Amino acid sequence: MTSSQRRWVFLAGMIGLVAFLLWGLLGLPGFGHYPGPYGSIINRIALRQTNATGTVSAINFDYRGFDTVGEEFILFVAAAGVSIVLRRLRGEREKSAIDEAADRNAPPTSDAVRMAALVFTGPLVVMGWWLTSHAQTNPSGGFQGGVILATAFILVYLAGEFLVFKRFSPVALTDAVEAIGAGGFVAIGLAAVGIGLAYLTNYLPKGEVAGAVSSGGTIPLISFFVGLEVAAAFILIVAELLEQTLLIRQGSA
Amino acid sequence: MQYFPFVVVAWILAVGLYGIVTSRHLVHLIMCLIVVQSSTYVLLLGVGYVTGAVAPYYFDITVHTPAVDPVVQALALTDVVVEAAVTSLLLAFAIQAHKRFGTLDPQELASLKG
Amino acid sequence: MTVAVSTPYTVPIEFMEALQVTVLVLVAAGATAVVLIRRPVHQVIALSVYGILLAVLFLVFQAPDVTLSELTVGAVVLPIVLLLTLAKTRKREE
Amino acid sequence: MDHLLALVVAVPLIAAAAITAAGPLLGDRRRILDALAIAVAASVAVMLAVIMVRTAGGDEVYWFAGFRPARGIAIGIDFDAGSLSTGLACLAAVLVTAAMTFSWRYFERVATYYHTLMLTFLAGMAGFCLTGDIFDMFVWFELMGVSAYALTAYRPEERGPIQGALNFAITNSVGAYLTVCGIGLIYGRTGALNMAQIGTYIGHHRPGGLVTVAFLLIISGFLIKSAIVPFHFWLADAHAVAPTPVCVLFSGVMVELGLYAIARVYWSMFGQALGHRAAISHVFLTLGVLTAVVGALFCFRERHIKRLLAFSTISHAGMFLAGIALFTPLGLAGAAVYVAGHGLVKAALFLCTGIVLHRLGSVNETWLHGRGRQLRATGIVFTLAAFGLADLPPFATFLGKGYIDESAWAHGLPWVMGVFIACSVLVGGAVFRVAGGVFYGLGDPPTEDARMAEMAAEETSETESDKGRTPLTMIIPPAVLVTCAAGIALIPQLGPVVQAAAIRFQDQAGYNATVLGGAHILHPVAIATAESAEVTLSDVLTGVGSVIGALVLAFLALYWRRLPLLRRGYEPGAGLTAPIQRFQSGVINDYVTWIVLGLAAIGGALALVIR
């Protein structure tokens, strides 16, 4: 199809599809009139059952924890896929950061950036850690915390050199951490099966005080492993992309 | 206001698909795919909203306070992770495509492939 | 002014609605901008602005959890990976 | 409570994580991990087989984290194992085992990622089959999808895989996001994610247009995955370029999973609410027949063996959809048996093609003509599998297709049978042509098509090891699979048992009561009367007849230049080249355009018949 043919065919289809979609959307109960019952029930029982004040985390890591298992493995597979697709191939060679294509050199890092990165890395690690460990109480959890932990590592790159970054996170080690994070989640679930409960049952004591860091049973534990997995997955993905951008050059081609 | 958020959902979806269909650059196309997916977040959170209710966190309110639906928020979170994962993988494909074909135009990619 | 319920976060409903409509309009405009901007580097910037707009929308939809992940993904991770990809594929393009 | 249902997903996942973590530690002793991966896949297959046999008398429901439903409201995620869903998951596990065994010497330079991805793929497929929660279904759909995209691009040093993977990933992602939109819609109305609960709610309230729209949006992801015309374009691109053992899974079971999901979604949620069974049946029957015909025509025209097999998969997917769309127990049972038989023989055909690629370094039928004579064992297995694909009795494919035909005939749709025979003859003829030409050197090499030759030339050897012989690990899996395909059809009482499972699968009220009320349904209510599943002499004659037709067609295709009656300048199927290039353009923009147009058309049709 030529571009204009495609555009007309698309427009014809899209008008029909949007009309069809609106027909369905207008059958909804209207904004602000959530009909329940799923969320309303969970809102009522989650605090009592899990002692976790963060209901969304209680759903993610407990009521619908099985979804999150799948979700973690989607990220795990994506990171593995990035490694496969971007692995070094025949005909590609690694070069030092100095390259014949002068305009592709990373500009030298200024002291200001170094300083800023240095100042931010510490707080980011703390913040990532805090978010990961407070899934059961606050709007936070392993995913958000993991991403922020990964960001801290990326800042290390910004501050210094990619090679330092590489030393911080050798691919094999990051891979292992990622696998431990993802596998640990599955293992927590399997431990429940081991003691005769349904898979992923929240079998740890839920704590005395609602909203305490030690509340929520397996929720903070799962959140910790998710945090590990997510941080490692994003470090791996960014590291592979950085390696592509900075180190690998096409060989003879 | 009754249905405005849902009309916005349809708009975002349509615009994103339009972008994919007319795109001549893979990275642009992938960003349009992100837009398509973002319509699902708006839809999910839109259907779970309760007028006048608060966020579902119970550290300083009682259990009987009306709160919005926490389930759709959990679903949207899952969705965001899927987005990040799929986008990273697609971008890796795009990098490799650029190495093999020297272009990121999907139409040129198809004709170069034979 | 009607007040929904007495919580520490009491906000008048009319104000909330106006806020939501405004942000929704901005989000719709943001999505359109991301699609229509054809220069990838500019588009990445538009996309991260769009990510922040979505995060704000989720905040006014009372979803702080999703806000936080949309911020970390939409405004941090995605721009980084997109810009790295563009940096890698920039050459031989023109 | 029995935990096997959870283990079939948890075990491959934890094994995948363990293999990734342990890979670098073991260094040269990686083979241990390969063996572990194969053992895990095999044990999952055994577990699923056990569940399948056990659930013949009634579904089993497993509630994760022990959240059982109270007063008809589910707060957790459940797995619902019936014989049909478990059987399909079991087929997936068997094919994964076969593909990984085949890869033992095939991918010697492979890092551990290959096995990791195969195991996550398996976990995704198993979870997708068993889940009773619509959002959970999306999660496993995505896990399956992401694993599949990464596996498609496993050889990124070539051009084809990258382009195929891109088209595959983008079209399927668009579909998946539309599915989430549908889930959002139905959740916004019912406030439920459990399929049984949603089905109960919308069955009682019948809330108009929303249900129709949600139905189409939810299945749009599955329609794309199952390569129904006009959503099929990605499939040939991805199949042609994915590593051959991976193609086994794509063709043998992934496409069929999409169709399974359509059936599952329809009979657990939408069947009662939508009503208008006859009209909906016609919409999907039309789609199925269209897909079968388009796939068969493209298949016969193709010279790239992997693409040829991919188009045959499209054709078969159309027939499966038609079988499901008959909305009869025997039609669904036929589709189930057909899927099992087709999955096994198609896997064997792909594995044999993998051996050809390993030994001879090409998949171009024209170039390979006569060159495969030395591969005697491979030729025999390929030919046997070709007979299986052409539905020769006693292969399970014959049985499955026979059931669909019979059911269509009994319900006043004799033309469906005619179309099916024509498609079988075309697809079978194409595969026999390959078998005769490549392995026995019969007739003349088919004419070279420049575009196809170029595409086939892209496909270079996937292996680096000794090409002088065929390792036993490569030839045994396809041989076993072909034997299984013939063997399962010989199981006594197969037809009635599968039909009983189909009745259970289609009994929406029974499903809802089982999931939400913990009921044990002994006598599910059939949506249409059960039909005789006996094989009569005329069935066998029809089956043999269509195989003979396929053989004659293959013979004509191989010898047409020497036949006096045919004009010399005439090129069979030449008229198809232009449309192939026009539609199968490889341009992702086109594919998404067709998706939008196709969905609008199906949506319009549904809106007209349901209103």
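Worth a mention:
The letters A, B, C and D name the chains in turn, as written, and every chain counts its residues from 1.
Just so we're on the same page, a residue touches a chain if its C-beta (ideal position, glycine included) is under 8 Å from a C-beta of that chain, and two chains touch if they have at least 3 such contacts.
The shown structure was predicted, so the numbers you read here are calculated from the model rather than taken from an experiment.
More inter-chain C-beta contacts link the pair A-D than the other of A-D and A-B. Here the spacing of chain A and chain D, counted between their Cα centres, is 31 Å.
Centre to centre, using the average C-alpha position, chain C and chain D are separated by 39 Å. Mean C-alpha position of chain A lies 15 Å from that of chain B. Chain B and chain D have CA centres that are 28 Å apart.
Touching of two or more other chains is recorded for residues 6, 10, 14, 17, 21, 25-26, 28, 34, 36, 38-40, 42, 54, 56, 64, 67, 71, 74, 77-78, 81, 85-86, 139, 141, 143, 234, 237, 241, 244 of chain A. Contact with two or more other chains is made by residues 1, 4-5, 9, 13, 17-18, 21-22, 39, 46-49, 51-52, 55-57, 67-69, 71-73, 75, 77-78, 80-82, 84-86, 88-89, 91, 93-96 of chain B. Across the assembly, chain C contributes residues 63-65, 69, 73, 77, 81, 85, 88 that each touch 2 or more other chains. Pairwise chain contacts in this structure: A-B, A-C, A-D, B-C, B-D. Chain D makes touch with chain B in their complex at residues 135, 139, 142, 146, 149-150, 153, 156, 158-160, 162-163, 165-166, 169-170, 173-174, 177, 180-181, 183-185, 187-188, 191, 193, 451, 454-455, 458, 585-589, 592-593, 596. The touching residues of chain A, counted against chain C in their complex, run 54, 56-57, 101, 104, 131, 139-141, 143-144, 147-148, 150-151, 154, 234, 237-238, 241-242, 244-245. Contact residues on chain A toward chain B in their complex (touch as defined above): 3, 6-7, 10, 14, 17-18, 21-22, 25-26, 28, 30-34, 36, 38-40, 42-44, 46-48, 53-56, 58-60, 64, 67-68, 71, 74-75, 77-79, 81-82, 85-86, 137-139, 141, 143, 210-211, 230, 233-234, 237, 240-241, 244, 250. For chain B in complex with chain A, the residues that touch the partner chain are 1-7, 9-10, 13-14, 17-18, 21-22, 46-52, 55-59, 63, 67-75, 77-78, 80-82, 84-86, 88-89, 91-93, 95-96, 99. The touching residues of chain D, counted against chain A in their complex, run 1, 3, 6-7, 9-10, 13-14, 16-18, 20-21, 23-24, 62-67, 73, 75-77, 111, 113, 116-117, 120, 123-124, 127, 135-136, 139-140, 142-143, 146-147, 149-150, 153-154, 156-157, 162, 181, 185, 187-193, 207-214, 216-217, 582, 585, 587, 589-590, 593, 596-601, 603-604, 607.
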